[in-house]
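As structure tokens, here come the structures.
Common to both upcoming complexes is chain A, partnered first by chain B, then by chain C.
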Partner chain A sequence: MSEANITASTASTAPAEQEPNHFRRVLIAWIVLSVVGIVLWIVLAPFILPAAASNLSSTDDLTFIVLTVLAIPVALFVFVFLAYSLLFFRTRERPTEDPPPLKPRPGLQIGWLGVTGVLCLFLFIWGMVAYYQETAAAATPNTLIVQVTGQQWMWTFNYPQYGVSSQSQVIELPVNRPVQFVVTSEDVLHGFAIRALGVRVDANPGEITTTPVVTPTQIGNYTVNCVEMCGLLHSYMWEAVNVVDSSSFNSWIINQGGHP
Partner chain B sequence: MRQHSSGFVIGIVAAIILGFGFLILIWWGLGSISDLGSESGVIRATKTGPNSATLQLSTYPDAHVCHSDSGEPQIDWVSYCSGDNGLATQLELPPNSVITVIIRQYDSGTTLVNNYFGQVRGTIGGVASLDGQPYSNMSQVSQIAKTVKGHTFSSDPGHTFTIQSTPNSPYPIFVSVPLVGVSDDAPNNVTINGNQYPTPNIIEFQFKTGPAGLTYLWHCYVPCGNDRGQPYGFSGPMWTLGYMAGMVHVTNY
Partner chain C sequence: MSQEATTETTLQPQRRGLMQELFPSVVSGIIVGVVGAVVVALIVNALTQGGNQDATLSAAYTAWVFFFMVGIGAFNDVIKWGFGRREPTHEEEQQLAGKGQGLWRYFRWTTDHKVVGLQYLITTLLLFFVGSLGAFSIRLEQSMPGARFFTPSTYNTIVGMHGIIMIVAAVIMVAGPFGNFVVPIMIGARDMAFPRLNALSYWLLFADIPIIITTLFLGGFQTGWTGYAPLQVAQLTPGADAYCFFIIVFAISTTVAALNIITTVMVLRTRGMTWGRLPVLVWGVVLSVLLSLTAFPTFMMSQIMVVMDRVFQTSFFEAAFGGNNWVYEHLFWFFGHPEVYVIVLPSLAVAAEVSAVFARKGIFGRRMLVGSLVGISLLSVIVWGHHLYFSGSNDPLDAPFMLDTELISIPTGVFFLALVGTYWRGKIWVTVPVLFVVGVLVNFVIGGITGIYLADLPTDEILHGGMFVTAHFHFTLVGAGVFGFFAGFYYWFPKMVGKRLNPFLGQLHFWLFEIGFLGTFISLFYAGLIGEPRWQANIAPPFAVPNTIASLFAILIAASVFVAVYNVVITFRRGEPALANEWGGKTLEWTVPTPVPLENFPGELPVVTSTPYDYGEPEPAPSDVEGSLESPLLPHSQAES
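For the complex of A and B:
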């Protein structure tokens, strides 16, 4: 919006009125809305996010909350300035002359680049630390291995340590025992994801991918979904995930025909 | 009269053209969706008692019996039929009933890529029968072949009949039966609607339905589609409703 237009717009309605300090107004609105948005997000996030039932999902949720806290003021910066400009600098007349040329403002440029650079660096470091935390744990002899095979439109599960397959659309997992999923596909790309456990990995035909070692920490019923569009009935490609105590898990293994 | 700039007029015209183009795209997309499947009427299991019913199906190596009006390549696709005529991919079953499924398998075997589907799962007793002989795994077929005279079997399933639950079903069901294929060298000595097929394997099993109002998905898990093997064995009839996939509705009738 050019100064000429602003002047023309305001001059036509209230010639004696003093031009308000737009920058200060926008800044205050931005700060207030950002604080409100951040507080709202922190309060509501536990109710919005799905259940965190493993060590990985807790880390995931913390990362999601922190990144959203950082994103709220950045997004509001754009929206508040845009909304304010649309509201206060609107005019029905077509501009009759060019706006004044923009002049370099080194302070603004350096500040803008500095703030965004620091933000990006922070996100990078946070991401690297979170990634290390999630993938550092190595499988131990106690780690439960679950072989997962994706096919249009179903997951099947084998427990090689027990010589048994799940007889239905269920993964049974013992609570507080590390588990690693070894995933492949027999036809097209699928995506193996258990949101409550913070697990998600591609299932590629002819390839084997493994998830990080994850420890379920909450007994409960969750779901595994396919998160890669894999065909006509992709939306039906789901299974139940039951996290149970160790004795229930052993009973289930026996029921499936295995040996605990 | 108020004058508009030429850019404004061009913008209006372009918006109208784009709008019509968008509607045409939607129309075309809906037409494409209808091509994804060729569902016909619903096939109901025949009630045989207050809490029992029988469902008769057939599997063919082509689509001449139940998609006789199809062109290439669909006419060569493997297909499930209701008995010896008509499509059979929208199934209706009575609630809380023992369903006896009888499948005539006219197709030959295909090597499984996932041995999980070589086992009978979720049926009453965990078994199915092949020409009257019980089996729970494809590995038992060779033993059965020794006892059934005048009939040879493939060591591989031609198809599976697998019923699975929809997401978060309140009454989950999982039934999977490998349908033993006919031998590759079996003579075509059966004529159905003018088409020649080998003597079918008769596979029978039972399972129990839950309450009314539930919907399940059924599908074949043998790579029996185009070229019968990876990766194209899962294409064509395998990802098209009306051939090797469909829905099961549990309802009162």
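For the complex of A and C:
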């Protein structure tokens, strides 16, 4: 977009020599602020985003960072142009005469549509590719299966490969081993979500849904939440998720009465 | 046209008795409605031997609405003229429009579109006030971890009522007050196409409000504003029925209003008011009510199905008997997503309208802007699936829904180009309406961009169902929608009420609201990013800090509400009179006197020769010729005087 594209439709409005080149000034402000914003975001993002604890949430976080890098100049474009207009083109009283009218040229309109269209297409393609990578891995015999059942207002977890259920309603997961959650509900809709692992799927009554195969990469203690309104004690429906090393996992399985 | 004074006096007696004043009016409506509801409830209770309180309550709500309408005189005309086979005379029409009835006409079955518009305006403000009390209760509860101030049951009911009351208020906030008061004058009409349906749509809304209030005495409802089944069906207390009937009656009211507005704009435009010259507000309102025609019927159907599940034990949504919760979710979001644009589109149109007037410059690319609003409307009906990415019901459609959703950013970008271009090199008279438009633009950029994160599958995977979503839709619905409403409110209030709102209090209102709003919901974006789910009566300790900050900022919003209420109250009591053309606008409503006379235009209807945005154009005469050439579709019907 250039100054030439926004031209006054009447001839009398050629800017006087003394008048500053508003368009150049606002463009420079926009570019400078965008660069500063993007650099700041890239520096600060690791401190703002919670630590990613699985392969899925790493991809999700990367997508979040990329979208924000694109969002900063887009938002600043509106903010900077608007702020500049309000600062430099304001009048204190009711204006007595009208400024020259501006009309957008076809070039500007097509260019604007082109830029937003390309941005939009990029978002779509990035999202599809990233999500395809996340969901492409199929369950193998090595994949740990955890059956999740939601009910008002608790989760229960079964480990069918070990013939046990988690007695204290805790999900125990071995680090670096792929796991898939198979989710259902006994009564109403619940939402199964482990933020740190980047898995999320609804628990529907009478239906079975699965999450993508996810590999926890960080040992630590996380939470599983219910993210769909499920009634009275919805906000108490969260339980612990512990990612541990494989020997701790095996002893935990034995503890629960299973056979590793 | 004017008739002889003698006929009028015979029709309107000098002195009306108290009974004649009260019947028909809202007082008789309430009396007849309550008596009817109680009688019908007793009959149904006896028939079911007291065993089905949902059936009793459903009957009572239906009877309340019907007998309220009987009591307020909604059917009087049908009986008198429908069966009498006589057209009402002009005097009778004017009588019905509230001629010579003073302030009492606001409490009667009055057909004048300006009366209905003001009724809608006051109702909108009251609903906002009630809804904001719910919002502040929510911020109070979430200010500290644990359920400290309310029980989870009370909290859930507050969240649900805050949500649904605010949604209803936001759906009517522009199309109700401005769509009724301003739009007919803008297009050069003397009233709406169907003045009686106009009164019907308002009084249905009025009768609807007590229904949602009764839920407080019937155990509330636990579903939040979305009313998801089978949770709603499973609830034992009858507070859930109140929610369902609230939606059903509101859907009827909205549909009636929508058909009326569309018909009015199609047939009652004055000579020369071609589609090409239609002010942008009219486009915004028409597109909004067109969308609501696609949206609200499915919402109403879903609630009828829930009521049937509750009353007759059908099983549309009960998995144990072959039902499915996905049915509800899809019906709901098929309504729920267009509904967002029902709210936002007219506010964006208000923003454009106000910008042109105060920048003293035509809208930058007016056709382009209208095109973008049309594009947003078309796309908005095919994107509802993004609410259900992780429901398990539509995995194969994730990609198309994602593409549709992100395509909306293209027409939205065009809207921003139009508004930024309108201010660029304008002569901007920074008044309170302009401040609120700036609020719309700033908030809508944030609301729109955060929508991209929720539309993109990988990021939605960590954000879906969390506070990030809550913050996002508050940025669109409040930040763009309600700020746009307030821009229109400060802009048209002098025309609608004839008095000038205090500009200093208006500025204070804006700054408190905007700063409080940004602080509150940016904190909640962060809470959602680190994983806080929605609808939390009991805040978990990791999310305490952003919630406390959000609650502190909400104090500023609360202060802004009281500043606004104070401003409106003192202006009604002793505001200085406004000019007929308070801001120097060029749309037709600024050409008529204030207060606007009955039938709007004294004498002949105006003839329109150009668009209302030709600021800085040398002469409108040439564009008149162009205008008639480029728009061959001249209106067939002129509102006859």
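Side notes on the structure shown:
Criterion: the second predicted complex is superposed on the first by the 231 of 260 C-alpha atoms of A that agree within 3 Å, B and C clash if a C-alpha of one lies under 4 Å from a C-alpha of the other, contacts with A are read in each partner's own complex, and residues count from 1 in each chain.
Methods note: contacts are C-beta pairs under 8 Å (C-beta built on N, C-alpha and C of every residue); 3 or more make two chains touch, one makes a residue touch a chain.
Everything quoted here is computed from the prediction, not taken from an experiment.
Look at chain A after the overlay: chain B and chain C clash there. A count of residues in chain A touched by chain B and by chain C gives the higher number to C. In the superposition on chain A, A:Pro106 contacts neither chain B nor chain C.
Within the superposed three-chain model, A:Pro141 lies out of touch with both chain B and chain C [touch as defined at top]. Shared-chain residue A:Asn158: touches chain B; no touch with chain C.
After overlaying the two complexes on the shared chain, residue contacts for A:Gln167 are found with chain B alone; chain C is out of touch. Looking at the shared chain after the overlay, A:Trp238 reaches both chain B and chain C. Within the superposed three-chain model, A:Thr149 lies in touch with chain B and out of touch with chain C [touch as defined at top].
Clashing C-alpha atoms with chain B appear in a single stretch of chain C, chosen from 475-483, 493-501 or 601-609: 493-501.
In the superposition on chain A, the residues of chain A touched by chain B in one structure and by chain C in the other are 187-188, 205, 223, 225, 231-233, 235-236, 238.
Against chain C, the residues of chain A that register as touching in their complex are 6, 10, 22, 48-50, 56-57, 59-61, 63-64, 67, 71, 74-75, 77-79, 81-82, 85-86, 89-91, 93-95, 97-104, 108-109, 112-113, 116-117, 119-120, 123-124, 126-128, 130-131, 134, 187-189, 191, 193, 195-196, 198-202, 204-207, 209, 223, 225-236, 238. Only residues 149, 151-154, 156, 158, 165, 167-169, 186-188, 205, 223, 225, 231-233, 235-236, 238, 240 of chain A touch chain B when the two sit together in their complex. On the chain B side of its complex with chain A, the touching residues are 36-37, 113-114, 116-117, 119, 121-122, 162, 164-168, 172, 174, 217, 219, 221, 223, 230-231, 233-234, 238-241, 245. Within the complex formed with chain A, the chain C residues making contact are 147, 152-153, 156, 222-224, 226, 228, 230-231, 234-235, 319-320, 324-326, 329, 359-362, 364-365, 368, 390-393, 398-399, 402-403, 406-407, 409-410, 413-414, 416-417, 420-421, 423-430, 438, 441-442, 445-446, 449, 452-453, 455-459, 461-462, 464-466, 526, 529-531, 533-540, 583-584, 614-618.
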